[in-house]
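The data blocks that follow each hold one structure.
After this come two complexes, each holding subunit A, first together with subunit B and then together with subunit C.
This part shows the complex of A and B:
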């Protein structure tokens, strides 16, 4: 630049030479050099700090030698299973608590967010109170309080509340009946139970298709075609008929109390319930604010136009307001889902064996802290990438028709 | 159901005669401490075209927004086609499906195509079949002159086209009355005419119309009656001839001298 200015014709005055310190290009070079130097120094430090030790994940294949509670749909035994298996049980526990919490938090968030904008003073203020309480207290504290309520507020397992041998409630959680594959009328091939579950899946798919077709007819003709009722009947008929045809291969396993815990049936333990509850209301409170803001960001004219063509309050919400607000809120809601995923790592505060709790125990017993924490970080990153990947698909689908 | 709704409130209506479409009796409207409407009474006959004039803040928009209860009046009574506008939600739904409204900012639904914007009300409120609703929508789009835009989205249309779609959307509910709240005020000058032409055609077809506008040419040519609002009250009303050639009130004269 300076060269050009000096050689410019027309008698322009020769530029003074710019000191190095004031040249833009020189400054950029200097910053970049400093950055590279610091990075190299940091790398050298890390390598020297970690060096001189053996690294490897071989310890993961050895027996875990400890047991964890709160398993769900896994057949795990700490004395024979490997450390990797027990870690994966922890990962599965994280996935299930985050999955439940994300689903329920979305529901809570939409309902509370819409309720905050209600014309009804009581409804609006109750929703506001909900948001302000659960948004402004620490998640960890909330989880511990829920845990305490479930543990000390409910009767001990000796005084278990028993509703018809099907529903048990105590401070060890809730237990309900659960399907149990058994020997059916036609003898005992084990695959009969499995094939009935497969038929259920097929039945559900058929029912959904019937519903879609009926909905299409309803849109086409404007006549009531009862898509939901017909679909549910279809499913019930397929499920019932195949159950009888396969010789009733699945029974009902009623829960019982065995010692100080539940046996058989399906139990939801207070550890899981308190963490799921805390994540649900905490995340739900944030989502409620996102929902409220997205609805308020819509021009008032949208609601007025919907009123003017005679749409009911529910129709205005579901046909005009939410379809537009939903698009606005997906990026923010995705952030909340990612937060819920990472926040689930407070699980050890309520003795819930999530991946972080299990990994901490492994590390306490055997060491290998570097490998274990590397594993923890990679697992959370993978889970987060899966969530944001799924949300990107949702986002792409809802913005498909937008211009 | 609809006959019941229509009959019972009408029995209480003392002043209703067969061709009075809208009866407004002594309504007041307050926004906090500000009185937007002050003892307004007005009767509008079937097929009548009423143009409402007035300076900004005079209450003319508030007035027509009270006629389909986008604003609630604080006192007085409003009857639309014999049905009283009150807390009865059945009355509200019956009136809203009989009164179409066109807004200054169009207020089309941006997430729906032009076609879906028009068919939404007929399908969801009138439970018309999609085929019939779409046939009706195409007829209306032809009537407002843009049948080729049916599959586009509002954001792809010009302002004038959007407002014509908004008129078609209101007409799709087959209303007895159309309310226009400054329908051309947000339009570029070259698009005003295309919207006014549609409104002119609508007026000729016998629709009962109440139009808030500053388009004096339209008012002079189309209106049966002009109503002048100032400070929330009806100051003067009369035929266009009376209004433009022989206004009586000082405030009317002042207003006309400023805009003509």
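This part shows the complex of A and C:
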């Protein structure tokens, strides 16, 4: 139709009579060509501007020649190891602090978000105060304040606060008891401890399975089958029996002070603690708003129906409201996790050796800024992909299964 | 049906004292008629002590609140040495800004106040709460700038700025709210000034023998960099969003790559680029490079929010533009963008707040001393070396005030533009 309408009485095809500049497809080609030409020119300019530098990733395999503190589970000597190794230690530090902060922030966020909707005026207003304070101040300033409090507000290690020989508190951080492999009853080899930890994992899996089966029976028969109690007992029995069978291969290591440092146990240093605390509170305040919004987005009929069948306030929350709100909040919460991951780069400000701090030290020492930046961005993107991949799995599990 | 209207409720007599545990409240109008003491008791019963568990909750939260407020009060009034702030106020506010150029600060202050008044008169109205905010904010600015003999002058200049605000507000308040030639003219006059306000302020501060770029520091620098990043971010973000939604593959593909790359790394990483890499590409002062990085970074986020707005519009809007014969760009300008931007205002303001807070990151790795950097110089003096917590709490408060005002303004914009209602 269009072709017929456009073809003029002369009989020539329409495309020949419309000037090239006014043909839609030709125009697109022009625009695209011009755009590509401009982009290529810009790229050439950037490459030539940066051309005066030396490139190559060879510097990563040379010895790092500096040391970083605050490590955990890595045996590492900064003076001889390569720069790549020290960078990976930094990556591991980032993963640690982000993991702790994400877990705690979710907890804080759900509690505060629910509290904001509490019928208790005092609770609701306190939660609002919390959110307004911590959401509207820069994360970096928060971290620095926590760091200053932990460093200067707490006593020195000479006057360490000792709570029952188990918890030590000073400006060198908190030391807590920690499980430690030891020679058990069988005078056994070290792998006994490892196999006990493996048994714990298996026990947890079995207990979860038992719980799921019992819940299924509950749904089918309507009889109460005590899923949580039975599951917890199962886990306790497996853990206890294997502990005895393997000859008690793991003991609890209490922290002590040796000179000016903590020995044994597990020490949480102020750098880690302040960063984790700031990330937790900041991200938690954002998650609280997400939780509140998704609860408010639920139709009021859900709560009313739960009231009508006589559920208590706690049951209404855990059985009706939160499971449904969860579906709505997961995408936004994932975004918050991703920002928490990137926000952890303020570690530099509290002397915590995360990947960005380590990378900037490397760059300060030998230059190669472009390669180092490339490394940083690739690492953050990979970490983000891991987080969103995990959250996709969670999302797939909680989304509505259409029956 | 003789009686068309239901009979009014009988006027309530004196209410018998409520003894029952569970209170069933009468309709609101009758409740309001009761004495204040009864209403207060009811309110307390409903909101604070509804049940035994509720009493426990109230007690627990009350004790936590008292503990936190107690520590805060002890810190503020007993522990803290606020001289670290009062002695360094010029350093914290304007840092290295030359003293003899102080009038430039005040002219800029008056200009911004006039713009605020005009914008309020144009699009909104000043509520009692806004005045409650502005008076302390202005008095605070006087306090920060009043040093030595200048106390009288700063007070005078503040009064002049406040008068400018009031005059601009009154003038723009008279413009009719309905669309018409007067309003269009006013929008066309005010819009460009708003868009160019950041360069104008820079001109006022720096042109003709004013401050050098390395003399801009302190809170002033935050107040300059954040708007530059926000306005620049909009200028970067709108074309990027349109490009990403474009049907031309090369354009949409490159825009996507750009957006995802920028969002992939933290801001502090991009500041690293401003310090070590960008100098070779665009040259210029570090402060200019920082502004470019802030705009480029914010632009990528804003592009995503604007794209959300673009996608939320039904296809019919594009088709309608096409049907009345508008070319592509005019369709965008007249039909698509006004609606898309309105939808994306809340997340854009959220990003603006986020950028405002992120200006605190600048002095982590850059040798620019914004408020945090100035705070660090303040506690580097031997006298104040132990007053770390005080100075950072003060800085946090400074950031909080602006962020809080911005979030309130964004709620107001949402309401007045009817986001989610049209």
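The definition used in the following text is that the second predicted complex is superposed on the first by the 349 of 403 C-alpha atoms of A that agree within 3 Å, B and C clash if a C-alpha of one lies under 4 Å from a C-alpha of the other, contacts with A are read in each partner's own complex, and residues count from 1 in each chain.
Just so we're on the same page, contacts are C-beta pairs under 8 Å (C-beta built on N, C-alpha and C of every residue); 3 or more make two chains touch, one makes a residue touch a chain.
Values in this document were obtained by computation on a predicted structure and should not be read as measured data.
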Partner chain(s) touched by A:330 [first = subunit B, second = subunit C, both, neither]: neither
Which superposed partner A:35 touches (first subunit B, second subunit C, both, neither): second
Touched partner set for A:105, first subunit B, second subunit C, both or neither: neither
Superposed model, subunit A: greater residue contact from subunit B or subunit C: C
Touching partner for A:136 - first (subunit B), second (subunit C), both, neither: second
Partner chain(s) touched by A:89 [first = subunit B, second = subunit C, both, neither]: neither
Contacts on subunit A seen with subunit B and repeated with subunit C across the two complexes: none
Residue ranges of subunit C in contact with subunit A within the complex: 46-48, 50, 54, 57-58, 61-62, 64-65, 248-251, 254, 261, 264-269, 272-273, 276-277, 280-281, 353, 357-358, 360-361, 364-365, 372, 386, 388-389, 392-393, 395-396, 399-400, 403-404, 407
Of all residues in subunit A, those that touch subunit C in their complex: 28, 31-32, 35-36, 39, 45-46, 49-50, 52, 118-123, 126, 132-133, 136-142, 144-145, 148-149, 152-153, 342-343, 345-346, 348-349, 356, 360, 363, 369-370, 373, 376-377, 380-381, 384
Interface residues, subunit B side, partner subunit A - complex: 68, 70, 93, 96-97, 99-101, 103, 105, 107-111, 120-121, 123-125, 127-133, 153-156, 166, 169-170, 172-173
Subunit B-facing residues of subunit A, complex: 219-223, 299, 301-302, 304-312, 315, 319-320, 323-324, 327, 401-403
